[in-house]
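Pasting a structure here, questions to come.
Going by the order they are written in, the chains are A, B, C and D; count residues from 1 in each one.
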Amino acid sequence: MRTEIGLLRTMLLIRRLEAAWAEAYARDEIGGIPPALSTGQEAVSAGACAALEPGDVVFTTHRGQAPQVARGLDPTRIMAELYGRRTGYNKGKSYHVTDVSRGVIGMGGIVAAQVPVAAGMALAQKLRGTDRVSLVFFGDGAANEGAVHESANLAAMWTLPLILLCENNGYCISQPVAVAVKAASIADRAAAYGLPGALVDGNDPLAVRDAVAAAVARARAGGGTTLVEARTVRLGGHLAHDPQHYRSREEIAAAWEACPIKRFRARLAAAGLLTEEASARMEAEIEAEIAAAVEFARQSPVPEPREAFEDLWA
Amino acid sequence: MRTEIGLLRTMLLIRRLEAAWAEAYARDEIGGIPPALSTGQEAVSAGACAALEPGDVVFTTHRGQAPQVARGLDPTRIMAELYGRRTGYNKGKSYHVTDVSRGVIGMGGIVAAQVPVAAGMALAQKLRGTDRVSLVFFGDGAANEGAVHESANLAAMWTLPLILLCENNGYCISQPVAVAVKAASIADRAAAYGLPGALVDGNDPLAVRDAVAAAVARARAGGGTTLVEARTVRLGGHLAHDPQHYRSREEIAAAWEACPIKRFRARLAAAGLLTEEASARMEAEIEAEIAAAVEFARQSPVPEPREAFEDLWA
Amino acid sequence: MSRFDRKLFRPGGAVKPEEREWPSIRGAINEAMREEMRRDPTVFQMGEDIAGAPPFGVTTGLAAEFGLERVRDTPCSEVAVVGAAVGAALGGMRPIVEFQFGDFLSVAIDQLTHQAALLRYLTGGQVRVPLVIRLPCGGGQGTGAQHAQSLYSWFAHAPGIKVALPATSLDAKGLMKAAIRDDNPVLFFEHKALYRTRWPVPPEFQDPDHVIPFGRAAIRRAGDDLTVVATLTMVHHALAAAEALAAEGISVEVVDPRTLVPLDRETIVGSVRKTGRLLAVDEAYLTCGIQGEILALVTERAFGALKAPPRRLGNPGVPVPFAPPLEDAVLPDAGRIAAAIRAMVTP
Amino acid sequence: MSRFDRKLFRPGGAVKPEEREWPSIRGAINEAMREEMRRDPTVFQMGEDIAGAPPFGVTTGLAAEFGLERVRDTPCSEVAVVGAAVGAALGGMRPIVEFQFGDFLSVAIDQLTHQAALLRYLTGGQVRVPLVIRLPCGGGQGTGAQHAQSLYSWFAHAPGIKVALPATSLDAKGLMKAAIRDDNPVLFFEHKALYRTRWPVPPEFQDPDHVIPFGRAAIRRAGDDLTVVATLTMVHHALAAAEALAAEGISVEVVDPRTLVPLDRETIVGSVRKTGRLLAVDEAYLTCGIQGEILALVTERAFGALKAPPRRLGNPGVPVPFAPPLEDAVLPDAGRIAAAIRAMVTP
């Protein structure tokens, strides 16, 4: 999915899969914590994952569906997991979807906890003599956790093949990033560890892809860790049920104007890379794919009670 | 102890008190973890505490005797605590000496744990409408703990009257700071939080005092937190029994050349502020004071077993 | 029990007519904090989104009344926040800290068990550390393994920390007031499934000085054949089981300790001396959990009174899984409690 | 017991002639790690000063043999280091992490209990997390409240973590080898007062494949009147007490579980079925501690065999204080064990 069209397709697939998830939650077909959607942030995952290769490993957050889709995971098994079915990737044990075979480790229960774990995976990649890299997503809120500080410093010391990808969507739940981060940028914090830092437009999938590709190339070449901050905008609430009383209507309306899908689609159309017809076909395909995923999930069996006692010990 | 002579006296008192402690440990009169001495680092505590006033609160580390002495705590009760006697400040419960009345909170069991606690004290000072400040010591090693990152960021957000005093003595036990910190300085990390940072010669008590005084003035005036890095040199081992196999003889010899007491005494003598005679008198007084402290500690009773069950609950 | 539906994040349905006058547990906690903040200017709050978007609504309205200095939204920096609470307490304030899910305390345990809990002791009694940490806990809502635990047994193990577990609205208010007025660190565990539940209260609920002292268990139902010791939702599951068993001629006493530290050993042991049988039930993991503690306590002190081996129910030692059938498989409920009791009283 | 003198940081005295051939516990752990690192290139180490200035000397010589890539000095960043171990384990390595004092795990609990321990389960069995965390523990050396605890009960409570507690040189080596070869997270608690102690070993000690499987208790001394269950130093205190009591005609069986997770319930319960009396002793804090767990386990399963109420000894719930008379007041020892046993067997 490295082509422009591929990037757009990925972004649309994320948007549609997540919308279907939110609808299923609204219909009470899915329980638990309301969906954490990446609406408006699709360009970050699409762009970042386009810079990776098989064998590279991605660590996700609580807002994890976007990188799962961008890494090519199967929407039917993602949806089945969100429905809590035994056909889901994690057999209904956790909605933080993991697919080891495609290099996606689903974390996200504890904010920032994935960051040191990703550093460890990068250490293993290095110790085992591979040229594979690890990429870890974390939010602007997570950036204020001690785990990020310690991991960035360790990664710098040990020249680990790691990309610290801060997906700055402007909010930590209800707290604006400007309240919680007094530095000019989170990317600037890289200097505190002697690391290179890059600030990139997270609503432009090509810019994200290129910035991450540069970091990946450095890491593969033994140059170590890069901190990339991708600035994007959370278009919806923190979770799907969040009424966002802390945000003005104007702010939300302005954010929708900058919707990365809208923008990228217009750009591709203007460049003559996407016809109306091709666009409609793509949407129809995605629609069908997601409908099938929802149907698969609905038809899948729920786990048996005894399965609760499986998979704890290796 | 704000005068030059006062600073020298404080530095000598620290050196001599700690030497007596180490001797007592070597004689097996004191047990537990071997002494963590501030030998070579006396100028940091002497200078920093000279910039403070009553009502300000200092939080110490595992290397805590220097600020205790510099804040004017009673050597007899410090020594009694180190001897594990019930006449010690903490009644023999912990050798991390606390004297609330003089604004010294002894922490140090857990590296960096005092930093968030100091931020909280600064918050209380602010919420209660005082113009008092908190100053927290932490080492270069501690600087890599997540607790420091989180606290610095919180202090910046809330404009807390806090001085983050990083006492960089070149080592975290056996690990040189250059291995563990890839940034040019720890003071540089202040920028990551939008805080002012200052780098100061930690072997010059006047330079430390002035840098801390500027930070204190800013904090009292409502200007918030400053990160001050004082560069000094640990002349001995991490703990008194450390053979320092990881350090060359040359390095240690060179460090002794820069001994802050030697340097400051020479400076005062050259400036005509200290005669041979006055110096000798000061040393003799200190000698007597410390001898009395050791004697007091030795004569003091050990705690009764039942005291182990007191002081847990308020 | 229909009371504990899986609707934590969904709009609440209409309140049943008979419950209209009853306060909810969430409301009771809110009320207690509001009254204490009015009463004592040193009480203040810190937590993620507690002013901007109150999680579970427990702090709703407090920022409006007391302002953002006393109801402080924090960044996602739990070590700094718990540490700041410790320091503020040393400095004469009475902080209340909210965690969105109690499980997240995992990242800041040191500040609690090694700093807040020990500083008074280590300084030979020179300081006090009055603080309250509010920890939403418990499973049954599909929130997943790191958002559904009941970890109080850990904090009963470590010295220097009081632990409260309110199961009714009256207790929620009275215990919270006691917690805020206490000069020691207190963990206040709030079961998420209880937040919206409503319970009848006596008139003293309105009294701003009605405090429920720590260390006094409540006998929720008197009985003769067996004592169930349970906390939080399990109190209500046990009561439902007791009701069902009464029809079968089995008389069950239900004891709710209300605080684990201090623990009202006398009431628990006294009850078992009377009934001769003990079942300890909790959502906590079983191994080294509060259930085993109660078994050990009773067998040490009332061995001679026991007519049957004591038993315990709890999470048998697996993470709390996401899918409802899996989650139900690892948590006790009224049915399992009733089954265990039947097996114990039937010779 | 003179064996456990307060000399942790002082040069060791001359080795007693009869002990010259016996390996120390410290040496046994070192040997196990060395052999496993030779055997398996994926085994590597991380910890503060483990290469540059090995704390307590347990890693001495390993950096020289295996180099600084496989014996990595870390910064003072425990969350990153434990997390890095989790990630490295996911990536096919077998990390061993040393804490200088096990208490410091307090700052990195989340990475252990919510990440290392849960990832396999939460991913539906897709990953393995083979890692060993070495935790020097225990009191009696005047090291102070945050350097002297025995917190394994916490980790027996939380799911997904194995827990080993070696009391002899043979066990230290064999259990460490089992820990390294295990595909799950293992906490390896090493009592500081045991490091320099030396214990006789059978010839299989030398066999690089002599592994002591987890979940098998050792009966350290056979007896008829009472079972003591004890770990680490308390095993030796219990043996000393048993020896003293033998002279008084009291026959004590001493059971050392060796691992708490998995726990050899059969051997413990079997022993009490035989003796009819149980005393559980440990340095752990009593409330919700491993001692109470053993009492609960035995009363549930062997109630009918009990001739007297079971008892437990441990830290009654205060921080471990600095001054020796205070520290001695809070920890069990041979004298207290003997006194408890006498009271239990004397009707």
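The rule is simple: a contact is a pair of C-beta atoms (placed from the backbone, for glycine too) under 8 Å apart; a residue touches a chain by one contact, two chains touch by 3 or more.
Owing to the predicted nature of the structure, the values given are computational and were not obtained by experimental measurement.
Enquirer: Computing the C-alpha centre of each chain, which chain sits at the greatest distance from chain A?
Expert: B
Enquirer: So, what's the distance in Å between the C-alpha centres of chain D and chain C?
Expert: 32
Enquirer: For chain A and chain C, let me know how many angstrom lie between their CA-based centres, rounded off.
Expert: Chain A and chain C have C-alpha centres separated by 36 Å.
Enquirer: Starting from the mean Cα coordinates of chain A and chain D, work out the distance between those two points in Å.
Expert: 41
Enquirer: Multi-chain contacts only, two chains or more: what residues does chain B have there?
Expert: Expected reply: 90, 92-94, 96, 109-110, 113, 144-147, 150, 153, 157, 179-180, 312.
Enquirer: Would you pick out the residues of chain C that each touch at least 2 other chains?
Expert: 75, 77-80, 103, 106-107, 110, 114, 121-122, 144-146, 159-160, 318-319, 321
Enquirer: If each chain is a dot and touching chains are joined, what shape do you get: line, ring, star, complete or other?
Expert: Contact map by chain: complete.
Enquirer: Within their complex, state which residues of chain D touch chain C.
Expert: On the chain D side, the touching residues are 79, 103, 106-107, 109-110, 113-114, 117-118, 121-122, 144-146, 153-154, 156-160, 261, 263, 284-285, 287-293, 295-297, 299-301, 303-304, 306, 308-312, 317-319, 321.
Enquirer: Which part of chain A faces chain D closely enough to touch in the complex?
Expert: Chain A reaches chain D through residues 57, 88-94, 96, 98-100, 105-107, 109-110, 113, 115-125, 127-128, 134, 146-147, 150-151, 153-154, 157-158, 310-314.
Enquirer: What part of chain B is in contact with chain D in the complex they form?
Expert: Those residues of chain B that touch chain D are 28, 31-34, 84-86, 90, 92-96, 109-113, 141-142, 144-147, 172-175, 179-180, 238-239, 241-242, 245-246, 302-309, 312.
Enquirer: Name, in rising order, each residue of chain B that touches chain A in their complex.
Expert: 144-150, 153, 156-157, 179-184, 188-189, 191-195
Enquirer: What residues on chain D touch chain A, complex-wise?
Expert: Residues of chain D touching chain A: 42, 44, 69-70, 72, 74-75, 77-93, 95, 110-111, 114-115, 119-130, 159-160, 183-184.
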